[in-house]
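In what follows, chain A forms one complex with chain B and a second complex with chain C.
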Partner chain A sequence: HLATSLPLPSERDHLRPRIDLIVFMIDIKSKYSLKNVEASLAHVDASFFLGKVCFLVTGVGRVNACSIETNAVCKLGEAYCSPVLFCELELEGIRVATAQRLLRMLQICAGHIRGVSALSFVSLMRNANDD
Partner chain B sequence: MDETVAEYIRRTVLKIPRDEIKTMLQKWGFLSEAQLQTLNFHQIKDNISQEVVQLCEENCADIKQAAVLDIIYNHIYQNKRMWSVYQMKKSGEELEYFDITDFKKKFKGRLRSALKNVTITFKEYEDNAIWIRVAWGTPYKKPNQYKPSYVVYHSQTPYVFISASVLKSNLPLLCQALIVASNYHDIREMELRSHSLNSLKDIVFKRYSQNFQTYYPKPLQGGNVEPESADIRIVQENRSEKERIHRLNWEVFGGGPQPKLEFAQYKLETMFKSDPKMGVLDKKEPFRCLVKFSSPHLLESLKSLAPAGMADAPLSPLLTCIPHKARNYFKIREKKGLFPESFVSP
Partner chain C sequence: QENVDPQKTAFLLRKAWTLYSVTPLYRFHRARLRDYARLLSAFIAAEKQKGLAVEVGVELDIKVAVSSLTDLRGSEQDQAAVLVQLSSRSRASSRNSEDKLVWSGWFCSVYGDDLSENVPEDFTCLPLFLTHGAESYTSMIGSWFQKTFDCCFRRLAISPLNLSWMVAMWAGCKLDRAASAVELVFSVPRLSQPLDISYAIHPEDAKALWDTVQKTPGEITQEEVDVFMDCLYAHFHRHFKIHLSAAKLVKVSTAVASAHCDGIVKILHSQYLPGVLMLLTELAISQIQ
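Coming up: the complex of A and B.
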């Protein structure tokens, strides 16, 4: 499901399945996109932040066009205890690899992978980043 | 043949891309087809231009013919120049028959009576456009052929498009000659400039697709924003919002291509409004600020702002009024009175 911001329009509530993973996409070229994500985060139920939220920063290939500091996004990820992924959608290889990563995360969050829960996975990712 | 004319022709030919030289010389018509056959268009441009100059020498070309070649070049490459739009006003409602010979005579007469050293060349095109090239001199110097002004006048309209040379001091004289020749009594510069001459014409002749506000907007192609081939596994949560934006955009910009402008400039002379406690300025002075939007195609990029999620729809009327108001330079001042909102000065 694609949405431009949260909260989701209530008229579609009855059509929506259970939400397993929320990926907040931040375009590194647009300060507006970061503001939009920050505003939308306020509408997310706390239980999602136990591994069912992820930040995806796009457009990192165009170094000259960065409007947001990666520091700011990393701090956001820390504040909400959620992983931050960086990618460049314009490159097919990276696009496909990122999609595969997200899909893997989604499988875990939906409970399809035995022995790994969303929470255990996200703390695994966090520990890896700290190194 | 005069050396300066030879040099001018040589330099003009050098400007033309090699593949276009033959066609342009044919359009010029000064060299015969037989002469053109003798030219080798596969050598380097330096040599081509030298050969052209030699042929022109044989035909005893003078500055008048050279100027026609220059008009032809600038007509084809008109988008290399910056054009301003001027509007002329008639004193009465007399419908006068336009006589091109009379126009030319009066124009030349007016200019020459003020300035002896000018080169004036006319060329008419099929779309009723009269192209005028003026090379300016001084009472003591011959005209500078390398910095001419170009004027495009559509005789059935009160609009004139001018690409002035750097010497702005000649502009009033040029304007005067135009109104005298065309039997108007006044001319004013519009706040509308662009490289794309055709787009300027589209705007003032209202040839672009405007949208007229309807109270019963028709659904566009079934009201679908996404093409039918989109993956059905993707669900757009904000479809109704997307459709609203699409509809608003269509109402403002219409369905067709937008005229091509490269920038919009807003000169602000408004008071800085802030929290009184912040007290940024001690005195209540107007805050002078210039905001300039640039783009290879400004109106198309404005049109795509809301659908791309980079701006809220509807866009500010200051941006969307550009084609309707036929201007891309604005001065915004404080409105004095009961409602201190900014307004756009004429």
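Coming up: the complex of A and C.
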């Protein structure tokens, strides 16, 4: 399901299936997309930040077109205890690999993989920060 | 060095310079500038023989001059700038006619210590290269330098992030005379017809805004630049309901200098020349590293 911002319209709440993973997409060429994500984060229930949220930064192939500091995005990931993935949608190989990663994450968040839960992402994040 | 002789640097102002980053030059000797001028002259003549002439059907003798601009540097560690000028004298005209400057390019380093600190002895660091004139001459001169000093030239593009630093810094500069407007040009992506939006702000308003944002004079942080830009975007959105933050900032213009994302700058005020060059040197160095 795709949405341009949160919160989702409440009229369809009763028809909506369970949400297992939220991927916030930030276009490195658009400051607006970062602002939009920051505003939408306020509408997400705290329980999602236990491994069911991730940030996807797109457009990283074009360093000369960036309007956002990558530091700012990494800080956002740290603040919300959620992983930040970088990709370039214009390159097919990277697009496919990123989709596969997200799908894998989704399988884990939905509980389809035995022995691994969404909480594993949070503990992985913590280990990386302690270095 | 803040007191650069304005007379000597007057030729730098009000010209559109195309920017390049240059890796350190191997075995470049300042004592041999006249030799280099002669070799470069011969190289250009040879290239023209091969048929790579700039203007077809016009007999032009190209004279090359290579000189040192001793005052154009930041710290003592910086190498003094090197200026290359190509002038032509038409063979048809008389001996007394003036040479016409057809191309100029200069290498410089203003507070480029980050690069020069870590470089072995035989290398000369002049990471910023600025050119004005025909592209064909630029590429000939670039090839000669690359072959002779084993260096590498790359066009220096300026990202929207860096352009917003520039406009915030330059809009905040104190100027005596009435200044021209602060202008930002945005390009809107993904439309069937390309659309450019030009946003002009009265220079006093821009400076007043920057003064409320900047906390420590002489210091600028990313947060301050973000706040400045967000104010401009919010103001525009209030009036036109357009989110400029979703568009690409491609050009900024102030009374101090203007810069385009393709790596073209124009410096308008000699007082701020070292400051502008310091910023450009930094960009060139980060492109090299």
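Everything below uses one rule, namely that the second predicted complex is superposed on the first by the 124 of 131 C-alpha atoms of A that agree within 3 Å, B and C clash if a C-alpha of one lies under 4 Å from a C-alpha of the other, contacts with A are read in each partner's own complex, and residues count from 1 in each chain.
Basically, a residue touches a chain if its C-beta (ideal position, glycine included) is under 8 Å from a C-beta of that chain, and two chains touch if they have at least 3 such contacts.
This structure is a prediction, so every number in the text was calculated from the model and none was measured.
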| item | value |
| --- | --- |
| First (chain B), second (chain C), both or neither touched by A:T4 | first |
| First, second, both or neither for A:L76, with chain B first and chain C second | neither |
| Touched partner set for A:L41, first chain B, second chain C, both or neither | neither |
| Partner chain in contact with A:S30 - chain B first, chain C second, else both or neither | both |
| Which superposed partner A:V57 touches (first chain B, second chain C, both, neither) | neither |
| Which of chain B and chain C A:I22 touches, first, second, both or neither | neither |
| First (chain B), second (chain C), both or neither touched by A:V122 | neither |
| Chain B versus chain C as contact partner of A:A65, first or second or both or neither | second |
| Footprint overlap on chain A, comparing chain B with chain C | 30, 32 |
| Residues on chain B engaged by chain A in the complex (per definition of touch) | 234-238, 240-241, 309-310 |
| Chain A partner contacts - residues on chain C that touch it in the complex | 157-161, 164, 189, 222, 229, 233, 243, 245-246, 248-249, 261 |
| Interface residues, chain A side, partner chain B - complex | 1-5, 8-9, 11-12, 15, 30, 32 |
| Residues of chain A touching chain C in the complex | 29-33, 35, 63-69, 71-72 |
